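This report refers to the structure that appears directly beneath it.
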Amino acid sequence: MSEKYEPVIVGFLCNWCSYRAADLAGTARIQYAPNLRAIRVMCSGRVDPQFVLKALRDGADGVMIAGCHPGECHYVNGNIKTMRRFMLLQKMLTQLGIEEERVQLVWASASEGIVLAEKIDQMTEALRTLGPLNWKKRVLNSGNGYQAAEAIPVLEEA
Amino acid sequence: MKKYAYFPGCSLEKMAISYHDSALETTRALGVELEELEDWNCCGATTYFHLDEILANTLVARNLAMAEKQGLDLVAPCSACYKNAYFTNAYIQEDEDLAEHINYALEADDLQLSGDLSVHHLIEIFVNDVGVEEVKNKVTRPLEGIKIVPYYGCQIVRPRKDGENIEDPQFFEELLTAMGAEAVDFANKTRCCGGSLLISNRRAALDMIRILLQNAENSGADVIATACPLCQVNLECYQAQVNDEFGTNYAMPVMYFTQILGLALGIPRKKLRIGSELVSAIPVLSKYLKKEVS
Amino acid sequence: MSEKKHPDNKERVGVYVCHCGTNISKVVDVEEVARWAGEQPNVEVSRDYKFMCSSLGQELIEQDIKEKGLTRVVCASCSPHMHEKTFRTACERGGLNPFLFEMTNIREHDSWITDDKEAATIKAKSLVRGSIDRVVHHEPLDQIPVEINPNTLVVGGGIAGITSALELADAGYHVYLVEREPSIGGHMAQLDKTFPTLDCSACILTPKMVDVGQHDNITLLTWSEVEQVDGFLGNFTITVRKKARYVNEEHCTGCGICIEKCPFNVVDDIFEAGMGTRKVIYRPFPQAVPKYPVIDKENCVYFQKGKCKACEIFCPTEPNSIDFEQEDEILQIEVGNIILATGYDLFDVKRIPQYGYGKLENVFTSLEFERMVNAAGPTDGKIVLRDQETKPKSVAIVHCVGSRDENYHKYCSKVCCMYSLKFAHLVHERIPDAEIYDCYIDMRTPGKGYEEFYNRLLEEGTHFIRGKVAEITDAARIPEEEGKLIVQVEDTLIGRQRRVPVDMVILSPAMEAREGSKEVSQLFKMGCDFDGFFIERHPKLDPVATMTDGILIAGACQGPKDVPESVSQGAAAAARVAGLISRGTVMMEPVRASIDQDACSGCRICNNMCPYNAIIFHEEENVSEVITALCQGCGTCVAACPSSVITGAHFTNDQLLSQIEGILWDMRPEKVTA
Amino acid sequence: MANNEKPKLAMYWSSSCGGCEISVLNIHEHILTVDEVFDVAFFPCIADFKTKDVEAYPDDYITVCLWNGAIRNAENEEMAHLLRKKSMFMVAYGSCAYEGCIPALSNLTSKEATYNTVYKDNPSLDNPDGIIPKTSVKVAEGELTIPEFYHTVKSLDQVVDVDYYLPGCPPEPPQIWAVLQVIVGALLEGTPLPPKGSIVGVTNVAVCEECDLEKNEKVISRFYRPYEIVPEPGICLLDQGIMCMGPATRGGCEALCPSVGMGCRGCYGPMPGVEDQGAKMLSAVASVIGAGNENMEEAEIEAEIQAVVDTIADPAGTFYRFSMAHSLLQRAKVNGSNGKGEA
């Protein structure tokens, strides 16, 4: 890969608003960070927290869940359920040491291509600042876990 | 008794002494204590902010920081002082850089400002803190039959607050009604009095004053109530010049709302310095003053 | 092109990478993506092609399915919203179940958003790999057939609803038209002339209203409201409350004697916009359909004080048509489709206090002015001030009151420019020497004959001032302003503040969504935007359908619209419904949830997940079940089920988890150079 | 295996509380049958065996090894490899071996923080020199070594191949007997064995099915910790806001905990098809939070939901009480020195 660190974001975009917003951003040729890899779901309410954890475990630096604005959900209130899950998930992710910038919930209506593009740009930059997550290598397989090798100098080596 | 740090500003103790005295009298009568901020400095007025925003904010911040040190909220009777203090206090909470600059400067005076205090205009104390109902209960000399212009001036409604209609505020009217007076419908109630334009463009400023006076006269008002020393000066002191310039003959008394309130609360007129106006209010107030005079 | 056989492949996937002319290939290295795709697990064949959506491109897929025995197909091209259907059909022609196809969006989401070729190619590979890994887990699905009840419910009896109802009824289908006011007609019935042709509104509307009233295929339910909506496309059950009129519709002849004899007048806030009065027993207007009057219970002296009964006494019918004992009726209606045409409300101009409405008596709203200029209106069509006699010598018309305004509605209400011009014309016509000032921000006249109408007004001598009105006041500054309304406006064309003294001001308020439109959208289980307007399925290609199958929208309930547009939408919605009815059954996407009854523990977490009440709980068996016909496929219950025993067809956990894994193919530790 | 020789039984205890060893006795008089059927080949808890005894066995000498406990340190792992080599059937016995259980909750923190708690920062300690274990220390007599303490606790199957799993903290008696019966049956009567990797002694339906409490549609507007509320008898605990993992936990325990008014803690692990028990329970619980609706302003919705979320004190500890090591993320990313997973 190039010298510059390019974060990878897995995006769960709802079929009716945010996926269409991404379509619109493309159609309007809005230029934004190509770092989001989108997965289409019918509603942000379909996003099982397992998906978020799976993406983080499998190498994503961040996860974006995008849906219709509250009150505009095409399934009436699927996005409200997403909010409930997201807020509890964020609380748990904090316990797991995952910075809140890494998992974001954003709203973009079908006409807000520019809004979605901006959010993706912002998130990409935020992740660039945080640096790679690289869960399997840096957290699980590092023997001592993330950064701990530096933090604990004398515990096991004689 | 609720206590506030009182910031009189540069005009209150001289030119607007009637505002000062009546403010202290009325607050005392309604159970509010105003404790004058010690060693206060200039609020920056309007000019300083155009020259150096950071320094101007710092100047204001010093006053705020002293109030904060005492653990008191700040009250300013002058609309310009209020507006400056309100905004600096708000900015310091929103702008970390500015807060850092200001606090660095304040260190020299062993002060610090977090922006935790709140800033009020004097009229807000009566409307929100004491409450219109309570004012009504304390009125001993209801001002029935007098028509008063609730002249807000332009700066009170500039810090837009939740739930307040900045185009057509009503609190001044409510306060006047509580005193038993009739608040006239005054279309220009938040229109500029000319401010310091008198210095740079006299005729334009006089015309602005004229419009207000004309509007007040058309509304059938007996007196204009103001909540700002500069508004008072412009509307009252320049009436004669307006008359000269435009051939009009306005003779409209312009009083501080605290003077009128004091009257309604039964405070002797001397203590409120009623009668020291250039356009005397005594004739229109005579029927309420009868008892005192006799 | 690259072909490679993996001996351990579970499925035989064909991958097709589209150049889209140069739309994709100028940024994404499509040949490389295709070559690379050929090396991925389960891929039997991969190709790149200039235009996959062309018939030749589609034939490639068909051929490969037949010749190479493909069991899965991935097409990397544009958005699935563009061509998913195209490629699914191609798969079907090739003999493959259409749901064994997956589309990868490397155009809108990739080549069009960056010019970084390397990054775009990596992204394209990731997305393709995600699709390959996902499609392996796809299952053949069958679309779900649903029978369509040929009856239709139309809600709202304005011009849009009237049009829908008549179109369907004329096509031979039965329609229930529900209107909450005593008469159909809507806002259009209140208007005097319609722009730009200046047809008399009533003259063109009344015949249609009569048609509705007399049509054998239309059951007209006025003074009625929908209370409950159950069911789904093809089979809705609607509960309607038919409010008591206190007039027996079977006996009443509509002679109007009761109205004449009623001794009490009240201000008519609805039809006359507060400009006129009506009787307590009333018809909103003489041409009302149906003709039966309604008793306004709140203002009726008999209902309030127990005395009067003038209407009953004078009613000439035998038996008497007045029925003070009448009660609300609850009706159940079975329909297959619903068209919502609930119209709009006018912005409450009192929300802008600096415009003085309510305080300055000669400030009028557009609707008040419409009633005033209407020959059948309260002033018999005379343009007069509030005193009912003085003719204004000068009139200002203020555009964008509440529209295009950060503080109120950001959107343009679309019709105000045109009706403001119409007002100017009407004032010119009736008071030829009046000065008319038209204050606009931008003049918006896109429509047949609209710009010409504007030019006509320029000729007629209207003073156009380009600028947003700051305030309207009676506070005079100079003697000429005394006693006038002064319109303070910045004329941006001459770059000056102007104070225009006039006798009368007409405000052109925004069109806004009906009060309670959010509740209506919930009642019908469909979407509604921030402003309260109903959301169409697609803003361009599907403006009358909604996300909820079987529910269509027409007219201003979807957004500000003028009469011709509302009529077009009403007709379009009707045509859509007629098409469905004539097919008899429709096929629905099989994206539906289902619960494995053997594995459901009956924990009831999912029970209130469904906004369509599609999940029911069986007490006896202690399991929950998804009613397939009600399910809309959002998948919220699937994500909620703690046992993972709810499956969301075509969006299963396996499919999505595999896609996540695939999409991150390059992020595996052995591949990462951290 | 020679006909006259009895099958060999081993049971080993790694990182766990020891309750599992005791649970074997819960099978009551069946223990006699066990004794009748098996020869004990290795069972440090009840008989004196040394590692070298096991090392001396030929491969696959032990018929069945019941391994309980998680893999906490190098010795645990070494023993797991050894016993795997010597055993025909390796059974992950109990929740620790199956998915990490309580020991794996330390994956939420760092090794350093664990050491701090155990050796330094603890009121009952007397360790003025702040001595902490080192894998190797040179003393006058020579070099002393102890096994390496791992950063991350693992389940048994994350270090060796496992034939069967017996979840539970500890496993329930019928379950223990069932697994022994299956193996004995296979050995003595040739009955077919369940496929490798089977989870034995569980149902394929969540605990709620076995729970008699009355369940209703769920709308939870606050959660209670067990000490904060006396549950109303007869009513689903989760309905009352008491955290109960029953909906996300595999059945087979006859809903022991809920039936005595204590929310299920999830020791039987996830349902089949669930990758991450904690995430699924989190999703379920959050879904039924009775806060926020589509007619409210976003900030208002957020505030309402946050208020309910605030009543769940420790989501990670609650939802991953037993399954941390087997969860998708497996451990916390630990920054800095306080050992907390703080982002």
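As written, the chains take the letters A, B, C and D, and residue 1 is the first residue of each chain.
By definition in this document, contacts are C-beta pairs under 8 Å (C-beta built on N, C-alpha and C of every residue); 3 or more make two chains touch, one makes a residue touch a chain.
Since we're looking at a predicted model, the values are computed, not measured.
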item: Chain pair with the higher count of C-beta pairs in contact (A-D, B-C); value: A-D
item: Farthest chain relative to chain B (centres taken as mean CA coordinates); value: D
item: Between chain B and chain C, centroid-to-centroid distance (C-alpha), Å; value: 51
item: Approximate Å spacing (C-alpha centroids) for the pair chain A, chain C; value: 33
item: Junction residues of chain D - those touching two or more other chains; value: 274-275, 280, 283, 287, 294-295
item: Residues of chain A touching at least two other chains; value: 48-50, 54, 69, 71, 73, 76-77, 81, 85, 138
item: Per-residue multi-chain contacts in chain B, two or more chains; value: none
item: Arrangement of touching chains [line / ring / star / complete / other]; value: other
item: Every chain pair meeting the contact rule; value: A-C, A-D, B-C, C-D
item: Complex contacts: residues of chain D adjacent to chain A; value: 108, 110-112, 115, 132-138, 143, 148-149, 151-152, 274-276, 278-280, 282-283, 285-287, 289, 291-298, 301-302, 305-306, 309, 312, 314-317, 319, 327-337, 340-343
item: Touching residues on chain D, where the partner in the complex is chain C; value: 204-209, 215-219, 236, 238, 246-248, 251, 271-275, 280-281, 283-284, 287-288, 294-295
item: Partner chain A, residues of chain C touching it in the complex; value: 79-81, 105, 107-110, 112-116, 118-120, 123, 126-127, 130, 518, 522, 525, 527-530, 535, 539, 547, 591, 609, 611, 632-636, 638-640, 648, 651, 653, 656-657, 659-661, 663-664, 666-669, 672-674
item: Chain C contact footprint on chain B (complex, rising order); value: 165, 167-168, 185-188, 207, 210-211, 214-215, 218
item: Chain C partner contacts - residues on chain A that touch it in the complex; value: 1-2, 6, 8, 10, 16, 19-20, 22-27, 29-35, 37-43, 45-51, 54-55, 58-60, 68-69, 71-78, 81, 85, 109-111, 117, 132, 134, 136-138, 141
